[in-house]
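Before we start, here is the structure in question, set down as structure tokens.
Going by the order they are written in, the chains are A, B, C, D, E and F; count residues from 1 in each one.
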Amino acid sequence: MRSDGRRIDEIRPVKVDRGCLKHAEGSLLIEIGETRVLCTATVEEKVPLFLRATGQGWVTAEYGMLPRATKTRTPRESVTGRASGRTFEIQRLIGRSLRAVIDLTRLGERTVLIDCDVIQADGGTRTTAITGAFVAMADALSRLQENDQLHGPLLKDFVAGVSVGHVNGELLLDLNYAEDSMAEVDMNIVMTGSGKFVEVQGTAEEVPFNKVELDQMLDLATRGIDQLVGLQRQLLGAEINGLKM
Amino acid sequence: MRSDGRRIDEIRPVKVDRGCLKHAEGSLLIEIGETRVLCTATVEEKVPLFLRATGQGWVTAEYGMLPRATKTRTPRESVTGRASGRTFEIQRLIGRSLRAVIDLTRLGERTVLIDCDVIQADGGTRTTAITGAFVAMADALSRLQENDQLHGPLLKDFVAGVSVGHVNGELLLDLNYAEDSMAEVDMNIVMTGSGKFVEVQGTAEEVPFNKVELDQMLDLATRGIDQLVGLQRQLLGAEINGLKM
Amino acid sequence: MRSDGRRIDEIRPVKVDRGCLKHAEGSLLIEIGETRVLCTATVEEKVPLFLRATGQGWVTAEYGMLPRATKTRTPRESVTGRASGRTFEIQRLIGRSLRAVIDLTRLGERTVLIDCDVIQADGGTRTTAITGAFVAMADALSRLQENDQLHGPLLKDFVAGVSVGHVNGELLLDLNYAEDSMAEVDMNIVMTGSGKFVEVQGTAEEVPFNKVELDQMLDLATRGIDQLVGLQRQLLGAEINGLKM
Amino acid sequence: MRSDGRRIDEIRPVKVDRGCLKHAEGSLLIEIGETRVLCTATVEEKVPLFLRATGQGWVTAEYGMLPRATKTRTPRESVTGRASGRTFEIQRLIGRSLRAVIDLTRLGERTVLIDCDVIQADGGTRTTAITGAFVAMADALSRLQENDQLHGPLLKDFVAGVSVGHVNGELLLDLNYAEDSMAEVDMNIVMTGSGKFVEVQGTAEEVPFNKVELDQMLDLATRGIDQLVGLQRQLLGAEINGLKM
Amino acid sequence: MRSDGRRIDEIRPVKVDRGCLKHAEGSLLIEIGETRVLCTATVEEKVPLFLRATGQGWVTAEYGMLPRATKTRTPRESVTGRASGRTFEIQRLIGRSLRAVIDLTRLGERTVLIDCDVIQADGGTRTTAITGAFVAMADALSRLQENDQLHGPLLKDFVAGVSVGHVNGELLLDLNYAEDSMAEVDMNIVMTGSGKFVEVQGTAEEVPFNKVELDQMLDLATRGIDQLVGLQRQLLGAEINGLKM
Amino acid sequence: MRSDGRRIDEIRPVKVDRGCLKHAEGSLLIEIGETRVLCTATVEEKVPLFLRATGQGWVTAEYGMLPRATKTRTPRESVTGRASGRTFEIQRLIGRSLRAVIDLTRLGERTVLIDCDVIQADGGTRTTAITGAFVAMADALSRLQENDQLHGPLLKDFVAGVSVGHVNGELLLDLNYAEDSMAEVDMNIVMTGSGKFVEVQGTAEEVPFNKVELDQMLDLATRGIDQLVGLQRQLLGAEINGLKM
């Protein structure tokens, strides 16, 4: 049906290579279809200025794209001298999504710094990044617990992201790049394991959409998130219990 | 009931000083409550690289904040040397919202450059900017028509924006700054005059929200947009007909 | 006689909207003819490095121009990434002018940060900024006195600025943009209420000028400053006395 | 003998995942020990200004390091706003090394743009990058030949790089990070398949070295390069013949 | 009388090493007291955008300071990443001063680019730069004439600059650094060989000044400029006649 | 034989103007042929972050080029906004070379900051800078000793640099610009007074070189360095003894 043979409500195959880097406190390479994102979590014993002496922690994210992640080479942001508006938008989204499911008070005055680097881009890089980053963050927190640096439950829920869109009159789940670039409406949804919304970002690229279509898209997204959280649950299993979640 | 005496579904008073600047093709100062944004529209006879030789036009936006628009002085972005992520996010939102209601093909190879500068900030600056910028853009297009540089209908619909949020367990329409800074959920909605969605951006600051709450927020937003578009209709009246809309 | 009907020694009408912003310690919108500048004064409880532990305060200024203050849109300095040479020159001039009439020792280790933003430009923006900024600074100081944070007289004198020029063989006071762009000689003069010079900046754009012409221009400027200081005196009346000036 | 059990004249195990990215004209992931570098080659139909209208092509390189390639997180150069001196030095070295073995005249007015991104760093990232980039470049050139865009032999020889150093009084081949950080003398050598030098860069970190030691280090390097070129030969086999080398 | 034994109306000894660089079209090292400035003039066969196709030329200037020109090392502007406000102010002043004495129409569509680099700073660097740059510019123009690229008189007059100031109650000519840093009033004057003003820049650092003091300072400056132009006349002699001045 | 009449193993005439600047702790202008570099040494009572509280000092260098040091004007790096890759490479080289001959432990927590500014460029600017900077550094250290701020021997050896190259089939010592731009192989060698290597940087611009040629080039370089160190010895004589070397 779809160019890659998927049903309209089917997500692409997901593969995860957990702990792929030796230096990072948490790391994984997540592949959803042909989109490939390297997610790492670094724990720093300091917080931004506005949190000093509050006893509270922080989670922040940076997002990058390797030059040949894309069909045409994308110039490095270290060469253009500044991150693009798109980059800022995405890293703020990742940070907010992860902060929604962590108890920052129990984290103490620490920062979890997430890095999401796109190795190959084929649609959905920001939602793939969120889905992977959650696991990398959980792994970094587990390591802190093992070292007796953290106590008690920190994670309040799972969190994952998925895209939906209106393409050629049809609502599709988890758009690949070809679909995304033809979409009339493009939504990125971030939800928790218990089915609540963390972020709803819908944009009419050309044709505004009505409430009925919005509801259908949210419904599709919910089905996709369920599967992604299922996968996270499988990966984290005992460990997340270790966090007394 | 609310700190400024409004009902939970009531927008703040709106004032518009249209044509307030002598140089710009379209200009207005819009005040919603104590938020004050200067919107101008500039028409340039050129388009971005990716549109050259396509016969199609473009609408883009820049957003700024004067240093003392805010309670504590905000450093100038010309001094920090780069626009912040928040600025990029907002100007992309304004641009997309306006492009959703204009026929870029009929515009020809021209760019409408919108500038939204916040003179005073009290919540809702981005949605106020969109609501005002639409009128400034319409005025700039009218002037082009009067000079016989444009023919036929360009605007496909009205467009306006409003915020809604979940504050202390209550859903509120059109948050002021005090409300916004306490909100657990914060949404910005952009809709057309015919009641369709252009942008839906909802963010759980602390507590994720469920579908029932989302529906209630969208419903509140719809009521607010109705009033704002009513005002736009009143202002543009004959002119927008002049655009054969 | 002149394009706008003024006599050669006549300044343009001046309007002031004092206290126009709710957040700033001092704020006013000053209009001289069609030039419109928003001036604010912010008091910060810190000083630049070179003044730390000296017990002395500082006054500094920033100057900006909204994109459509000008006939052709001026690109934002946050986009070009750096303030222009002209901007630096003007903000240094404003800072020096205000420092000349304030007792920095009595200010204590505080900085008065002046922001002058040009909403509409029609010649004389830098001198208009100085004239307005003095009042905004006085208002911010009054507020500090009311809060018992300052004692004794701080302001030593009034200060205002005006332009004069040699245009088509005639010496004119307070040039508008059309006159300014034709001027062979262009001077900006900043003087105190007691008629002394703070800044004398004369530039021969094309034709060098002799001592007789210089004297005539200084004489014209003195007459203009007298009127502007008269207006400041009227506005500040009792308050400036409150500063025991 | 060495911390990882190698002999002093033994290089670390090499693994190559060729064609690992779908978009790039040439791509491979090269691992030497625990150092992992992603190399891609992009062909652009343009040349730098100084080569326009000469009929001659160019090869240039960019080098980056993912934040958690290193033990302690390295800040992104897009955030610091500029590539470091070290980055510039390395990318100039990679570019020069590859240009030494390609016939730029036959390339025509094209640029081969090499990107080397370090996924994990454990010593020798620059020499690993050169060794891998040569194969990625060869693959990109092969693709051009298949498309009949290039004719005749382009590559004049193989090229690879290796490090040698003086560590605790012993001369070692192919230093890992632990060895590199203790080295008194650190050399990076780039050589062709026919055993000639392209780059010789030796630096006394603390103790200057004499001619005898230099000769011994060059000898060690030659042995390492032989093995790396052997591997390249194995990988490129028929293809490089396709380039009529 | 003064710390270096000069009378109050005496300028410091002037030395000029003309043609000191082999590459520049015009070059000289000028020393006034212990202030040493290297001035070069480069002729480029292009003009800024706003002059294209007008047949008219341009003169522009850049100003720099070597790190140890000053008592305490001044950080390089290539390291801080931007020229300071002071630098912009000075280079604009140099450019305006030179443009006042050249016939830009006869120059044709060429730019004379002046570089003034301070090798050692001891007060008066900007006026020293102007005095020296005029000769470097004249030399570069002579060379153009010799090559038959220019015809007819280009220079309309000589131009030189000097500082005067009010120090400890006394008016002094040509301040050195020690005097300058104590000055209550600081003026930089640029005048032509025929005694007309090109720039008059007076700044009250602490104490505003009256008309009588202003007149005395202008008078002192005139005497200093006379001597500096005398020197220029001596240097340029025949050549400037070659320009048919 | 060579374009300037030198033998192939002959260095250009060297002139040194020591102590040429009054502010710097150490300063000299070194001329080798027509290459002219101003070297200064500044002593700062602080060290980089990574050395704090180690009791150890540091030597670092900055390198710049005046715009008309070159045949065609080179744009200022303060204007382009960033130092080039070449600049970074050279300043790292100068810093490493000087650190190789100084006992950083005895220096204490101080930084010797070397500035090398090229006044005129005719090949070999980086090696000329090293040769000159060593003397400027020695002079700055002598001054510290005279002030009783340093005790005991600091300098372990002399250090100087020279270039050699393969030009038109011949090996030449100390290339001037014309030779350098034709060189097939280009080497920069830095050696100590006792004939040991500090840096060996050889680059095949077009034709890779073999071991025999490398040995010949190192031999030529050794002869050049001997003469340069001889000159340094002559200049520093007693003083360097003062440093108990």
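To be clear about the criterion, contacts are C-beta pairs under 8 Å (C-beta built on N, C-alpha and C of every residue); 3 or more make two chains touch, one makes a residue touch a chain.
As the structure is a computational prediction, the values presented were derived from the model and not from experiment.
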Subunit A to subunit E, fewest steps along touching chains: 3
Centre-of-Cα separation between subunit E and subunit B, whole angstrom: 51
Subunit B and subunit F, separation of their C-alpha mean positions in angstrom: 60
Centre-of-Cα separation between subunit C and subunit B, whole angstrom: 34
Sequence positions of subunit A contacting 2 or more other chains: 81-83
Complete ring sequence of chains beginning with subunit A, oriented so that subunit D follows: A, D, F, E, C, B
Of all residues in subunit A, those that touch subunit B in their complex: 82-86, 88-89, 91-92, 96, 100, 157, 187, 191-192, 194-206, 208-211, 214, 218
Complex interface listing, subunit C residues touching subunit B: 21-24, 27, 34, 38, 40, 42, 44, 62, 64, 66-71, 73, 76-83, 87, 113, 115, 117, 119-120
